[in-house]
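You will see chain A twice below: alongside chain B first, and alongside chain C after that.
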Partner chain A sequence: MSDISLLTLIVVSGILLSLNPFSIAVFSALLAGALGKGHPKSVFHTIAMSYLISYAALLTFFGMALVGIFSLLPYTFLLSLSLAISVISIFWGIVTIANFFWYGTFDDVPKSIYNVLHKYSVKKNSPGSAAYLGLIAASSSFVSNTIMILSFVTIVSLLKTGSPSWMLLLAIILIIPLIIILISCLNGTKISTILKWKEDSKAIMRLSSGLTYILIGWIILLILNGTIGSIL
Partner chain B sequence: MINAISTLTSTEILNLSTRAIIGASISLVLLFVITSLFRKNVQLQRLLFIIVLAVILFATTVLFTTALIHIQDIFANLTNSGLMKL
Partner chain C sequence: MKHIVKRNGKSEIFDNRKLYTSIYASCLSEHLTEKVAEQIALKISKEVETWLASKNEVTSNDIRHKSEKLLSKIDPNAGYLYSHHRIMW
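The block that comes next holds the complex of A and B.
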């Protein structure tokens, strides 16, 4: 697999996985809170950027750390681990697809976190709280984020292109929908319109995420069975 | 299944994997088109989910088995060449 193919895979999968109803809802609540408080434009921008930077930074740091750890693993262990990760990714894809059929049945975000999210998005609306909120939002959907990053790290490690910059690229792609929401909000789109769009398409978002998890799992298996790339 | 697949050559594994992936992808696309057409029929939704699950599990089993055999070959080569000790 060439670097161009890997780039295409990360960009396409990243875009499909970035359409996450949870992160869109949290960011919309933060923007609604900032608009409600009547902050000046500069503070509004700082709040939004604090959230986006901390959200992306946590994912990048986690991904880069995993790339480093994977590069230290013995190759035979890496192969066995990759097999396990592909199965976990496919299993999580099936769980996410089940959410498309019966929405909300298998939610990975704990219900106890909602009060904390409300506190830092609406009640305490400042650049500092927004940065903290970004960290909470990135870590709340721990299972899905961990499986997603683990799968990408596995692909990058197996193809021996273990450059940590792929993880930075992935994190940037994951916040693209949030940046688009911010731009459309600045251009006058109402938060209620964004939330209505999110509610209407949340099942489809889960379906696209689920299929992407399965696709990534299959790609890992295709690398392992020698169809894609070359192992030894 | 493992015995049957273990006799395959690398080209045959490649063909089998490609067919499994293409077949599963086409089936999934068709299934989700049908699902979106009959979104309100609960009984049909359950049936379609089971079919989707079966398609995914079938393709995964084929790929997993071929990957397992390929990895075993790599381990055997490493052991034979003495690289495993490094």
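The block that comes next holds the complex of A and C.
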């Protein structure tokens, strides 16, 4: 697989996975809280950026650490692990697709975290609390984020292009919808409009991310049996 | 002094300023100007206070529903945000 193909895979599937109702809701709540407190624009920007940077930094750090660990694994063990990860990714894709039909049935965000999210997004609402909220939000979807990052790390490691910068690229792609929401909000889009859009589209977001997990799992299988490496 | 029953079952004296602040914040979040937000928050908090005077026992949820209704009539978007701010995840 060439770098261009890998780049296309990471960009396309990253964009599909970035449309996550939970992360959109948390960021919208943070922006609503910041607007509601009537912060000056500079503080508003700092709060939004603190959240985005800490959210992306945690995912990048996690991904880079895994790339490092995977590079130390014996190749035969890496192959077995990759097979397991591809199966898990496909299984998680099916579970996520089930959410398209019965939304909320298989939510991986614990309900106990809701009050914490409200506290740091709306009540506290400062650059420090926003940075902390970014860490909480990135780690709240632990199962889906872990499977997503593990899958990309596996692909990168199997193709021996194990550069950690792919993980930085992935993290940046994952915050693109949030950056678009921030820009829209600064241009006058109402938070209620964003939330209504999120509510109307969350089932379809689940469907697209479910299909993406299956696609990524399938691609790992194709790399393992040599089909992809020899074609691209 | 009107007492209200909170979600955790504890009783507390109704604080009009809390209601005012939350409605004001919802209006600002919807890009309304500070002046308009103040007017709406003042109007609703007064109406809720009047409504409360005729009640024996009220829960914080009752107050929230009443405020949501009033706010949605004035500004449906701010009303939506006010009613969804705890269940938006």
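Just so we're on the same page, the second predicted complex is superposed on the first by the 229 of 232 C-alpha atoms of A that agree within 3 Å, B and C clash if a C-alpha of one lies under 4 Å from a C-alpha of the other, contacts with A are read in each partner's own complex, and residues count from 1 in each chain.
In this text, a residue touches a chain if its C-beta (ideal position, glycine included) is under 8 Å from a C-beta of that chain, and two chains touch if they have at least 3 such contacts.
All values derive from a computational prediction rather than experimental measurement.
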Check your understanding: Taking the superposition as given, does A:L224 touch the first partner, chain B, the second, chain C, both, or neither?
Key -> first
Task = Have a look at where A:I214 lands relative to chain B and chain C in the superposition and call it first, second, both or neither.
result = first
- First (chain B), second (chain C), both or neither touched by A:G36: second
Next on the checklist: Per the contact definition in the header, classify A:I94: touching chain B only (first), chain C only (second), both, or neither.
Outcome noted: first
After superposition on chain A, the chain A residues reached by both chain B and chain C are none
So, in the complex, the side of chain A touching chain B is made of residues 76, 79-80, 83, 86-87, 90, 93-94, 97-98, 101, 207, 211, 214, 217-218, 221-222, 224-227, 231-232
Note: in the complex, chain B contacts chain A through residues 10, 13-14, 17-18, 21, 28, 32, 35, 45-46, 48-49, 52-53, 56, 59-60, 63-64, 66-71, 74-75, 77-78, 84
Interface with chain C, chain A side, in the complex: residues 22, 25-26, 28-29, 31-33, 35-38, 109, 114, 117-118, 122, 188, 190-193, 195-196
In their shared complex, chain A is touched by residues of chain C numbered 24-26, 28-31, 34, 77-78, 80-81, 84-86, 88-89
